[in-house]
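Take a look at the structures listed below.
Paired with chain B in one complex and with chain C in the other, chain A is shared by the two complexes that follow.
Right, the complex of A and B next:
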């Protein structure tokens, strides 16, 4: 029995020594890899900078190619214009884009997410289709990286996909929204088409974004959405017209003050505050006196912007709590 | 590095951006001095009096606006052209840059070629 204990102790001790040695060996190996990578980065930095500047450079061997791609993808995040095109050309020619697109099918989610992020940094339009597919990936990290990269690539072909993941919240609103806003005017044709989509969620998001990115010429299209069957879309259209300060839409927005849904009336009142014009003042005052809390408060605050004199007079006559509150706020500001 | 080209101060706390700017300028015949924060940038500008300064807006210790303002208040650097490199591109930020005395600004991410063209344009005017 004693011998058994003795041998067990020896075996446990030996196992522990082996385990610690293994950890130590692994740590040393990782450290050496890190040092080698740093040295390679230092050696390849001038070559990478020359590539960014669009200069002709010598080819590198396969081992250096990975380090060079990593360096270039870092620089690619900082540059635009010819430099970005030069890098995209390099990544396509060197096969880096193909390898990263293949990695989108990897069984590890972190590798797929890293590949999606890298494709955005590489700047190659060849990756747009694969990144659009990656918006449907089972991992949120992969979808998020794909959305960011599509924004970085200014992929106007991906507008509908991005709006969809924005609506379904498959990608965080901030990320999908930033990608769409980053597209700027390139997103407008697709957004305009989406305002007629069968899905009210997509219509609402498209109308909202049109208010942020659109032009005065979008006003008639948004006015049409004030009569949408979905209240969220009508409210969204009122907000968008307010943001665009669409004076030609003032009469239509005034009409939305009679909408049967209170939050649409509230959005219309706020929009009239943005658009301005005293024509809206009597209707806003009436809404401020008699409506639900939000709509009445919004109307009173809008009145403070479009006709401060009427608001002041109404405030003295005690037209209700929201009118008084808005008059006080206006008095404090002035 | 060229030995006789105009001297340009490049100040940015981001290693990659510094490398990109320096490479582009030196390849085109400019000499460069480098700072990693606002205080270092100010000290170098007063000591070396470069022909032009490319300053990041969001730097540690002193931001690009403040460095520009202080350069404008010193006799030696009052007329030194300044290009601000900024990730902030709101109109108010741009206006703030010009109010602080900057001559031009470039948004990040940026085109190194465009930066070079602006440097050449400003120095060519003088």
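Right, the complex of A and C next:
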């Protein structure tokens, strides 16, 4: 027994010393890495700026390519057009794109994810096919990084793939959504087609995104979705029409105030607040006076936007707490 | 007597071996989990989420009872959070100090009439206010009913689909809300709740509700808690989260889907452990319905809190925590070893019953039994010394591993002197402090028998004051 204790003590003491050593080693190493990275960034910054300006530059070695890509990715959001193409050309010519695409097949998921992320920063359209394939990777991190990069590359060919992963949550929801929004008008044809899809989840997502990316001309399509069999799609359509401030859809949205599902009525009330127009005021007042909490709150707040005079006049006890609250808040704002 | 002694020895040894084996495995899981989290953060799209119109708004619930000293700083830190859309619902739970007057003056509050949901019954609302300068700040002044009651009123007033419950004596870091919300934003249909890490603000330099320089407290008692929190959060909660059996989201900082909290009836007012009780109830509710869900711990959204610096307050806090845990485990005893609740029922829940609830008793009974066994010649001195050394080294290894994990991942303490001091306290906490904790946790059963129930307020110096 004593031998067991002795060996255990040695093992545990050794383990503790190992952790302390690791801790100190890590501290020193990270400090060195940070210093080296700062130096490399300082050295490569003129090159990065030259690339952004479209000037001729020399290729850098593999180690610097990663630092350079990281540096350029900071500018990437602001860089468009010829400068963006120049960056992509540079990374293609230096072999960085090929190396990153090869790394998408690495056995370590974190390396595949890092490669997918880097491809988005490099801005090369050559990577779109590989990144679309990476949306089917076994690792969620890799799929998420690929979706993010497809958005940064404005890969309109990937709209359907991105909507699919947006709905199935195969990638981080916000990342897929933002990637689709990043595509801008290029995503619209596919999104419009998806509003008729058999899967209500896809319809809901497509309608939601149309509200953010769409045009006034999309309002008939969205009005049709106000009669969708799925309540989530109806609510999404109301929200979308509100975001588009679709005045021509006001009557249809007013009709949605009578929907049997409270959250659809709430969405319709909020939308009417965004669309504006006093025609909706009586219906909003009625809803604010008598509906479930969320619908009544939304209606009262919408009323404050479309007809403040009516709200002020109605700010009496008999119109209920929601109207009173909205009236008090409106009084403070004014 | 010999038989009883042998049985006690066997139980104590099994307990010791199992507990330390679990801790070691959890340390490994936590290292893996934190490493993965940090790698994934580079491409998780935090900036996109901040800019995205798809990111759902959040209602922050801040219950307050006699928090006049620190509440203004706390709210200021919330007003500067980096998140697209929030509302802050402060609920003054019938404070007897200057909390309400302080709030009215600091934020230029104006009285309004407020509509409330009636999903969860609460004590009556006295009055409601909004800030003229910050329209997103709502203050509800209600009759005293306890922290859970105050949270429930906040829930009734919240307008957004997610609620984040935080303590009034805490400060969130600028990115904390975005980071704790990330799992929910990434997978909104599955992630039901998420909690962040709580760190100790004593010794840090605070400016306008922000920790601007991380330091260590001068008080040894508070420094011991810094080390203890590393282990509890980075190792314990990370491990449970990875096993999908996270039972505790700290009341100081937790994000929940509002509809779900309403569906289970809000926070319970008849327990002092309303935070742990809610999480266990959510698990039970969702598993009973066979729904796919996750309750996650996220290691980098930081909530800073003021730790007690005197034994009396710290003891009171630990007794309250243990009492809350005991009440929750008893109320939900139906989860114990039930395969239908998966890892939670067969491992997580039994762990909390055996090691967290009964652990102090087993550990403290071990001392007199060991002394008795030695005195009566049933234990040799070499065995006694050997066991003591192994126990001590195991404790040191686990504490140092947790500190190394912190240093590897987040490196909040930039001063090497602070790290060395933490190392010393990682060793020191195993002699005396842990045993003292056991005593407090055992005393919780006395409180339980007396049915003591309080808000557990501590004497505050104000979170912005350097200790």
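The definition used in the following text is that the second predicted complex is superposed on the first by the 242 of 334 C-alpha atoms of A that agree within 3 Å, B and C clash if a C-alpha of one lies under 4 Å from a C-alpha of the other, contacts with A are read in each partner's own complex, and residues count from 1 in each chain.
What we mean here is this: a contact is a pair of C-beta atoms (placed from the backbone, for glycine too) under 8 Å apart; a residue touches a chain by one contact, two chains touch by 3 or more.
Because the structure is a prediction, the values reported are computed rather than measured.
Asks: Does the superposition put A:130 against chain B (first), chain C (second), both, or neither?
Replies: neither
Asks: Quick one: chain B or chain C, who's touching more of chain A?
Replies: Tallying touched residues of chain A, the top partner is C.
Asks: When the two structures are overlaid on chain A, which partner does A:324 contact: first (chain B), second (chain C), both, or neither?
Replies: Second partner only.
Asks: So, does A:267 touch the first partner chain B, the second partner chain C, both, or neither?
Replies: A:267: touches no partner chain.
Asks: Taking the complex as given, what residues does chain C use to touch chain A?
Replies: So the residues of chain C touching chain A come out as 36, 39-40, 42-45, 48-49, 51-55, 110-118, 130, 132, 135, 159, 182, 185-190, 382-383, 386-387, 389-390, 393-394, 396-397, 400-401, 403-404, 407-408, 411, 416, 419, 423.
Asks: Please name which positions on chain B make contact with chain A in the complex.
Replies: Per the stated touch rule, the residues are 14, 16-17, 19-20, 23-24, 27, 108-114.
Asks: Can you tell me which positions in chain A touch chain B when the two form their complex?
Replies: 45-46, 49-50, 52-54, 74-75, 77-84
Asks: For the complex, give me every residue of chain A touching chain C.
Replies: For chain A paired with chain C, touching residues are 1-2, 5-6, 8-9, 12-13, 15-16, 19-20, 22-23, 26-27, 30, 110, 113-114, 116-117, 141, 144-145, 148, 151, 169, 172-175, 177-178, 181, 208, 212, 293, 296-297, 320-322, 324-325, 328-329, 332-333.
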